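First subunit A sits with subunit B, and in the next complex the same chain sits with subunit C.
Let's look at the complex of A and B:
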């Protein structure tokens, strides 16, 4: 106690600062950094979850490099990213742009768009999974059948399955992005629009010269946020393809699902950890690139 | 004086040791772990009640987890000295559990290997390593053909198909399509993701004259004429005869429960959930034989073992509990509550059980059943799922797809047995 009393005010402030900081520091070390470091360590080991870990060197990474499934999964993961992000960005902007102009039932409409974001991904994935079935139970195919149109194999197809799984994932994230976009649009000072109106410019010029440039921070945020989301996609894919996870023929398998499968079905923890390190690296690179874009703003 | 003192001391010692013993006996609590499945938990509760009544002073605490977490929890708990004294595990995990030092062998004086060999169905011998048993099942499972009685009556079918050719003919009569030719009721459900991969491995391949693996199950041997014939038969059901659609109504058992499937091959564990479906009238038959009469079936089971954590009086109590849950009476309870088949012929082949209209076909199947020794069941299943998907979605020729599957599965086995 004496020790504390002898400190200067400045030093006491530091002590208090560190006391409060200790909570997040301990939390992050125990919950984040320690497991991350362990995962990196395990990626160089051979471990089946039972028994001892054996040192394996770069074996797991060599195996990954030579695994055709990994490259298929790698492409899928980027397909989710490269289709999902632009589609959800354009859709959410178009919706937000028009919703902003709607006065009638504005709050209700906004809620309707936000609702899917609050729904459990698991429940949503299962409902969509049933929508996609063939007759007699699939909603979409029943509609097609009632017009005499041939059935579409949504999920049991190597070409249609990935977009089919992606659609509800995009839909689920839309509500959040719409809200962010609307906040961004509202934050643009009305004086710019008034000036534009006085100058007599058309809506297209207003959109491309005022709204979009001033929305840049919002757009960057949404791009970063949704790309991380699509790179980590798991629950929609897993729940829509539980019988044949990531199938058919790995057509929908994202990296996270491969990690899960390697770790908790094959109990090959070392190999799974190596995949995790690769995912971690990809996420970090993508985030760094996007942060750089943000800074140049 | 000295004598009295000695006598007194001895008496005190005896009394106190007796006291200690009785209080210790009252204190023994052993833990039992299994994964969560409603009927299994109910059955085990009944067994524990019976065991505790028979063995006053021993209490059994049961803990159960969702199947997905099970292995992780067991692996974390036992080395830490926590968790179960008696644990349930899948037969295919035995080698991993022994290698990780999680379970200990059953003592030969209580569980004499020759008696176990004699008393249990032969496939249980897979649990014997170096002449000692490590684990024993209460119940076993096999496959059979479920059929929808109402759809059979409607189509004028009097009895379930006896062989694989009949199966196609019967299935044709049960299949319905709408005006556009879309299938609305399947003759038989298919889907490698369900139980069909077992039917294919240990059933069809053997019935077409082949073997799925060598005797040690470390070498794939189905890339053969018999294997190709079996795959041809299986894929023809959909592609040539049009009596099924894989993934019809999402899951085979869902289609059968909804009354949209005439026949459905599934395990004995499905009995309980089918009984719960109101208005569904169904029957069970043995798996169809090959045209030459060859029968083959697949059997799997969960076993119980004493963990390395159990020591001293907990070890003794655990052994008593093991004996109790592998007794004839326990097996009968398991059959009645869970619907899983007794692991001993002495219970399974009683007049009442073997001729039971529901359990009978499964129990008869046990006598010609094979147990696949999996290195990694989910990966090995995936190989067969992909094999059929390639022929279905990508129109790959049978022989080519089969060869790719055999190679992929051999790779999994090689990796597993290399360590």
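Let's look at the complex of A and C:
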């Protein structure tokens, strides 16, 4: 205690700071950084959990490159991203743009759009899975049937299954994006709109020349956030296709599901680790490209 | 000349005002109706989940939203089974403990990085920020191996340990502590409070809205977490609600009214919390989204 008393104020601050940080620093080192390094290390090893770990060089990566399932999964993962992100961006902007102008029951309307965000992906995947069943079980096909429209194969079709799995993911994230967009729209100073009104400019010009350019940071945030979400899609796919995860014929399998299968069903840890490194790289590249686009103007 | 020049724009303005209100009102009404229709569609899956959980098996395949003879039979069946009760408690304990841990540690670290000057500050900040770039999926294999060698598999600790602190929460709290004036902290120091007391009694009360936002995100995230709990648990007693529900769905196979009941049990608590604290939660989400 005497030792502490003799310290200067600056030195005392240093002692306090490192006391506060001691546990967190250990946590981040052991639970975040060490595992990251381990994952990269294992990706260069051949290891099936029970046997010995053997150095394998780039074998896992070569195997991945030559694996047709990986390329199928790669295409699926980007299909989730390239369909999901624009669709949810446009939908959420259109909803937010109009919702912002609505006064009557505004709070109630906002609540309806936000509610799905509070649900659990697993629960909702099962609800949508039920919707997609054939007559006489599934809601969608029952509604189609009552109008005399031909049945649609959703989860059993290799072409329809991926969009069908994506729909609840878009649905669940929409409310969050609407709320963020509305906050962005509210943050635009009204003086811009007043100036536009005095100049007598039409709504389309106001939208494209004022609102959208000023929303750029919001748009970039939403694009980055939802892209990362779609690239990491798992809960919806796994639960909507539990009888044949990622099926039919790997038509819905995303990278995270392939990682899960390889690591925890086939116990091929080295191969799975290589896949996680690929996922990490993809996420990094996609985020960096998008952040660069933000900075460019 | 000058009078007509002044009058002319006013006149056109008046004409415009006379012709526009009718169409503008129609436009407003159409916009409202379209948005309302969209909102109803958004709520539909949740409504059908709850409605089906209240239906008798023979009525499940009817598309009517309001059950003809509502029943709580499915809830009784599912709860008597006992497992959902267990999973509910597990998820609750895990979400609550993780939330408390994040509130304490993320704010302590955020505060330290914001208000203290010490060697290594920038490095620690960049290191923690960089963890935001590491996806959970990359860490699950090493976490699993770690849990295996320390005997953490299939335990509360095993499910919880990866999420006890987050870079996101730390960053969020740091952003909010920036708004606390340094003078307050200096004044407390002169009053003779030690640094721990200053953090807890002076700084923390000033960032309550941020703490609430963080609590919502961490709780919701852990209540609905699926991948890691699926990997780390292997006995029914240790499942969380999402993991249990996933297995239950497969097992119940075509008993959709039971699956919907399970789904409703896992969703209703968060929906109730949301309906009570709606305004507050939406504000929190915006704050966390824009600052974090």
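In this section, the second predicted complex is superposed on the first by the 270 of 297 C-alpha atoms of A that agree within 3 Å, B and C clash if a C-alpha of one lies under 4 Å from a C-alpha of the other, contacts with A are read in each partner's own complex, and residues count from 1 in each chain.
Criterion: a residue touches a chain if its C-beta (ideal position, glycine included) is under 8 Å from a C-beta of that chain, and two chains touch if they have at least 3 such contacts.
Every value quoted in this text rests on a predicted model; they were computed, and no experiment measured them.
Undergrad: Using the touch definition from the top, say if A:158 reaches subunit B (first), subunit C (second), both or neither.
TA: first
Undergrad: State whether subunit B or subunit C is in contact with more residues of subunit A in the superposed arrangement.
TA: Of subunit B and subunit C, the partner in contact with more residues of subunit A is C.
Undergrad: Can A:61 be said to touch subunit B (first), subunit C (second), both, or neither?
TA: So A:61 meets neither subunit B nor subunit C here.
Undergrad: Kindly classify A:193 by the partners it touches after superposition: subunit B alone (first), subunit C alone (second), both, or neither?
TA: Touch status of A:193: no partner.
Undergrad: According to the stated criteria, A:101 is in contact with first (subunit B), second (subunit C), both, or neither; which is it?
TA: After superposing on A, A:101 lies in contact with subunit C but is clear of subunit B.
Undergrad: Now for A:180: first (subunit B), second (subunit C), both, or neither, which partner does it touch?
TA: second
Undergrad: Check the residue A:148 against both partner chains and state whether it touches subunit B (first), subunit C (second), both, or neither.
TA: A:148 contacts subunit B only, not subunit C.
Undergrad: Thinking of the overlay built on chain A, is A:243 touched by subunit B (first), by subunit C (second), by both, or by neither?
TA: both
Undergrad: Would you check which partner chain A:136 touches, where first means subunit B only, second means subunit C only, and both and neither mean what they say?
TA: both
Undergrad: With the two complexes superposed on chain A, say which partner A:264 touches: subunit B (first), subunit C (second), both, or neither.
TA: Both subunit B and subunit C are touched by A:264.
Undergrad: Touching subunit B in one complex and subunit C in the other: list those residues of subunit A.
TA: Shared contact residues on subunit A (touching subunit B in one complex, subunit C in the other): 129-130, 136-137, 243, 264.
Undergrad: Spell out the part of subunit C that touches subunit A in their complex, as residue ranges.
TA: Contact set of subunit C toward subunit A: 28, 31-32, 34-36, 38-40, 42-43, 45-46, 48-49, 52, 61, 63, 105, 108-109, 111-112, 116-121, 124, 127-128, 131, 133-135, 137-146, 161-162, 164-165, 167, 170, 195-196, 199, 220, 223-224, 226-227, 231, 241-242, 245-246, 249-250, 254, 256, 259-260, 262-264, 266-267, 270-271, 273-275, 278-279, 282, 285-286, 289-290.
Undergrad: Within the complex, which stretch of subunit A touches subunit B?
TA: 46, 48-51, 129-130, 133-137, 145, 148, 150-151, 155-158, 243-244, 247-250, 261, 264-267
Undergrad: State the interface residues of subunit B toward subunit A in the complex, per the touch definition above.
TA: Residues 68, 71-72, 75, 96-97, 99-102, 178, 180, 182-184, 191, 193-194, 245-251, 260, 376, 378-379, 382, 385-386, 389-390, 392-394, 419 of subunit B touch subunit A in their complex.
Undergrad: Could you pull out which subunit A residues touch subunit C in their complex?
TA: 10, 13-14, 16-18, 20-21, 23-25, 27-28, 31-36, 38-39, 42, 95, 98-99, 101-102, 104-105, 107, 109-124, 126-131, 136-137, 139, 142-143, 146, 168, 171, 174-176, 179-180, 183, 221, 225, 232, 234-235, 238-239, 242-243, 256, 259-260, 263-264, 269, 272-273, 276-277, 279-280, 283-284, 287
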